[in-house]
Amino acid sequence: MAQILDMPQLSDTVKIGVLQKWRKNEGDTVAPGEILAEVETDKAVMDFEAFDQGVLLKRLIGDGTSVPVGTPIAIIGKAGDDIRELVEEARARAAGGAAKPAAAAPAPAAKPEAQKPAPLPAAKPVPTAPVNGQPVRPTAPPPPRAAAAPSAPTAATAGKVLASPLARRLATDLGVDLRTVQGSGPGGRIVERDVKAAAEGGAQAAPQPDSVDWRAAEEAPGTMPATATAPRASAAAPLPAHLVPERRTEARPAPTLPSGDVIKPLSMMRRTIAARLLEAKTTVPHFYLTADVDMDAAMEFREQVAQVHGARLSVNDLVLKACALAMRRIPEANASFSEEAIIQHARVDIGMAVAIEDGLITPVIRDADKKTIGQIAGEAHEMAGRARDRKLRPEEYTGATFSVSNLGMMGIRDFAAIINPPEGAILAVGSVRKEPVVKDNKIGIGHRMSITLSCDHRVIDGALGAKVLQAIVGILEKPISLAF
Amino acid sequence: METSAPEREPTEPRDASRTADKAQLALYYHQMLAIRRMEEALAKAYALRKFGGFLHLYIGQEAVAVGALAALKPEDYVIATYREHAHAYAKGMSAKSIIAELFGKATGCSKGLGGSMHLFDAEKNFLGGYGIVGGHIPLAAGTAFASKYRGDGRVTLCFFGDGSVPQGAFHEGVALAALWRLPVVFICENNLYSMGTPLYRSLSVSDVSQKALAYGIARDRFDGEDVVRVRDRVAEAVRRARNESLPTLIEIRTYRFRGHSMSDAGLYRTKEEVEESKKRDPITYGRELLVRAKVDEKEIVAIEERVTAEIEEAVKFADESPELAYEKLAEFTYKD
Amino acid sequence: MRTVAFREALNEAMAEEMEKDDRIFLMGEEVGHYDGAYKVSKGLLKRFGERRVIDTPIAEGGFVGVGIGAAMVGLRPIIELMTWNFSFVAADQLINNAAKIRQMSGGQFTLPVVFRGPGGSAHMLAAQHSQSTEALWAHIPGLKVVMPANPKDAKGLLKSAIRDDNPIIFIEGEVLYADQGEIPDGEYTIPLGVAEVKRPGKDLTIIGWSKMVKIALATADALAADGIEAEVVDPRTIRPLDEELLVESVKKTGRCLILEEGWPFNGVGAEIAYRIGRRCFDDLDAPVERITGADMPMPYNHHLEQQCIPDVPRAVAAAKKLLYLE
């Protein structure tokens, strides 16, 4: 018996999925476990695996289409099955905005054996009578005025966020940006539970908002960093409906104007970066502390490690570990800001910025203070790779307590990064420079590296920030500390 | 049990013996004339746009209200229609309180909240002016019920026009009064027209008093231009109510000289008919009664001058009175 | 406390008040010798006699008017309408006289009269005998409208209504008369214009009155099985409405469902929804929902009739919709 397949819920927070690429064609046989398609969720591309044996009878949407989770996307069955009715039904459901998870269910709702009583005339707001004790919703969206009944998530007018009044108030109270919250209500309306989920966050036990970080590059060659770091977005509740482009930009040719200018529609990532950056820059009271690190000992350390262990440590690996240790030593700085309190985190999770195509992401190294430098290096390398392939899972790029952004490999001397709220600080790392320095009252040659700590003054004030920077500098200048 | 008063002729000869003394005649004349002048002053004020809405004038019918109320005691109840200025005045309400009410002033009997159709005075037992034709008749049965319930000996007089008789409320009110033997006198002031419709086009039986037969109650029927006749005939019914707790239906034939209301062009009756009826003007007749009773002309003129002054003063009072403030309105909707 | 039937509670209220105040009398069709069409006035004729318990012919316009007239001059009538479907026969008396005499007279007259009787649907009584008329009466300024849901409220509210100096429309749910409930011993009244939380909760507010209170409570029980705690609020008096308590509840829960047996257009629920929408605008997670009787004259057939009245499954579905749980 043929059945409809809906856009699956591939992460617990995704609300809209983009079918990047079908991996099976109409008529292909599908075995359980085989990949039907690649589906992009919030920030990662996941494989949509088939549950059942069958033939892919119809693909209901094309490559690059984005639809809400629960929308019909395919029909699977036995070769020769008559699927006309299912196709109709799928269209009706898609038009009716049925966003409920189908859970591989066969033909949904209204086909009871008993004759369903006719809907009460002129009583559209009154639900139709229950059938077999189960309430049956009216099949047609009620009001005749098109403007009043957004039953399918529509791209609302630019800038207008649909949210219940309670959700709005709660968002203000909890410091959640509605523009980054995905609404689960009708028409993509953001409701109370969406805001609460956004505020409480994903995998972390600690009450901090989940985030998606897109950061400037690591030092691996060939990466394309953005100028400055982007603040966190909310991954637990990805973009609201109206921000979701109907198709990915790659699938649609960018139009060219007569002047030669090219219009590049914003992707999900770019929109989120834009929103979060703006919010961080305008609401967080930043101040900046800069120090120059004497990197002679550190560079020497790296050499020794390469020789003795054959392992290649990047400068950034050292910085990550140094920051982790500093956070352990100065726990007041390993903190986040919330309306009523400063939350001092028990774990030290360091986010590192990775440039990826079209934006940034910040994979997080958990318990970085407890990992060896070798472990950190390995993780950093591995995650950076997956980040570039957009294969990170949401829990891997959310919930950092401190972040590091490095533009050193691009020849940048120093820069100031934008904090990713609600973190208390972020460290911006410049290039290692070989330059004339003063040593024992004489001019010599030394390695210097400029690091700038951006602090949220509500969480970390000047003295504390200085203390943190001092600690980082101290550890880097005495790299033996990195062994602990 | 069927009780009814002996049948009477519709009209009596004008020179039947009078049972009123000079003082009474003077009082009745004063009252009727005051009502006449008051109605005329109100018509003038209305034309001058000092107030608006509906205005139903009683001009030509004065002997009915004055005569009927002359048969009552102060504690008796009176309830009437929207053509009730005369009944209000005859019940003892001042021209000031009536005219101020029509001018919508706070000094009016209903504080300006009722207007021409809703004159009330709890102290004087004048229980209203009502705008729904016939709708007040069951209320009269109710006040009579209360009197009987308490055994306080009060009588209710209920006035309505020939236009009320077709209404269901007329039937229900009279039926209940009959069934429960209530102390109420139902007085139909038959001025022969319901607005623009003559009687024969609204009632299949033009003798309204015959309706009493259906309920087994006493009835009476006579012409109402003679204030003393009215008083004496109504007094019989009042006695029946007070002493025997039995209702009566009385039809008093009368005539209004003006239209149904100010907006009535009166095209449904001829000028001749109107002029003819003015020959039976109760005011004229009342004055004649004074003359026949040998009241001095000077005294009669004095009454007339007093009336003129009274009404002029009342109009002035109404003109100068303030209006109720909007903020005070809500106090009157419910009793706390 | 002791347990009595709803009709007995009403009987007790009338008897107690009539005992204390000679101005009170009961008038209506079959209230005396028949002991009441619904036995609400059982025993009152025997106890108080024909002067105070008066049988009327079938003339609603007449005896409703009698009640109003008697009230104008100082008595305190209880006028029973055999059912509120028949009130329309007396509509002119109620709307043009009872509601207005006080204001038209500039406050000179007080009308301490209670019009009471059964309302709402029963069982297969068809269109003319199944109406919920409270929306119509509550629309009229000058009248008060009271609707008890259980014996305790019935007795307490009727006593207050009898003691109130305004004309009161007192509607008793016809199918509630046999309901048993606990009432306090001794003398007690329940004030008019005060709502009651029948069941506390935090996730949504269900507002219902008269027969709908039982539906609301059953709905709350069904929702509780799914971990949803609904708060049930009974206005008890429709006019004047205890807006404060309703608003307080919805501000707490953020969601409001109204259950109403009457017709939807201009129903009491529409008024409540407006007030909640206005006062709780920033507290609402979803628009106010309501379930009403079907927008048509009541059909005779039993199954159709049942589907024309709000029931628990539909209320549960509406509640879940409010919570965005499909």
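Read from first to last, the chains carry the letters A, B and C; within each, the first residue is number 1.
As a convention for this text, a residue touches a chain if its C-beta (ideal position, glycine included) is under 8 Å from a C-beta of that chain, and two chains touch if they have at least 3 such contacts.
Values in this document were obtained by computation on a predicted structure and should not be read as measured data.
Peer 1: Applying the contact rule given earlier, which two chains have the most C-beta pairs between them?
Peer 2: B-C
Peer 1: Where centres are the averaged C-alpha coordinates, which chain has the largest centre distance to subunit A?
Peer 2: Of all chains, B has its centre farthest from that of subunit A.
Peer 1: Any idea how many Å lie between the Cα centroids of subunit A and subunit B?
Peer 2: Once rounded, the distance between the two centres reads 88 Å.
Peer 1: For subunit A versus subunit C, what separation do you get between their C-alpha means, in angstrom?
Peer 2: Inter-chain centre distance comes to 55 Å.
Peer 1: Take the average of all CA coordinates in subunit B, do the same for subunit C, and state the distance between these two points in whole angstrom.
Peer 2: 41
Peer 1: Residues of subunit A that touch two or more other chains: which are they?
Peer 2: none
Peer 1: Can you name the residues of subunit C that touch subunit A in the complex?
Peer 2: Going through subunit C, the ones touching subunit A are 254, 264, 281-286, 290-292, 294-296, 307-308, 311, 313-314, 316-318, 324, 326.
Peer 1: Can you tell me which positions in subunit B touch subunit C when the two form their complex?
Peer 2: Listed in rising order, the residues of subunit B that touch subunit C are 77, 79, 108-114, 118, 120-122, 127-128, 130-132, 135-147, 149-150, 168-169, 172-173, 175-176, 179-180, 331-335.
Peer 1: Which part of subunit C faces subunit B closely enough to touch in the complex?
Peer 2: 25, 51, 54, 56-57, 59, 61-75, 92-93, 96-97, 101-110, 141-142, 144, 165-166
Peer 1: In the complex formed with subunit C, which residues of subunit A make contact?
Peer 2: Of all residues in subunit A, those touching subunit C are 100, 117, 120-123, 125-127, 129-130, 133-135, 137, 164-169, 184-185, 191-193.
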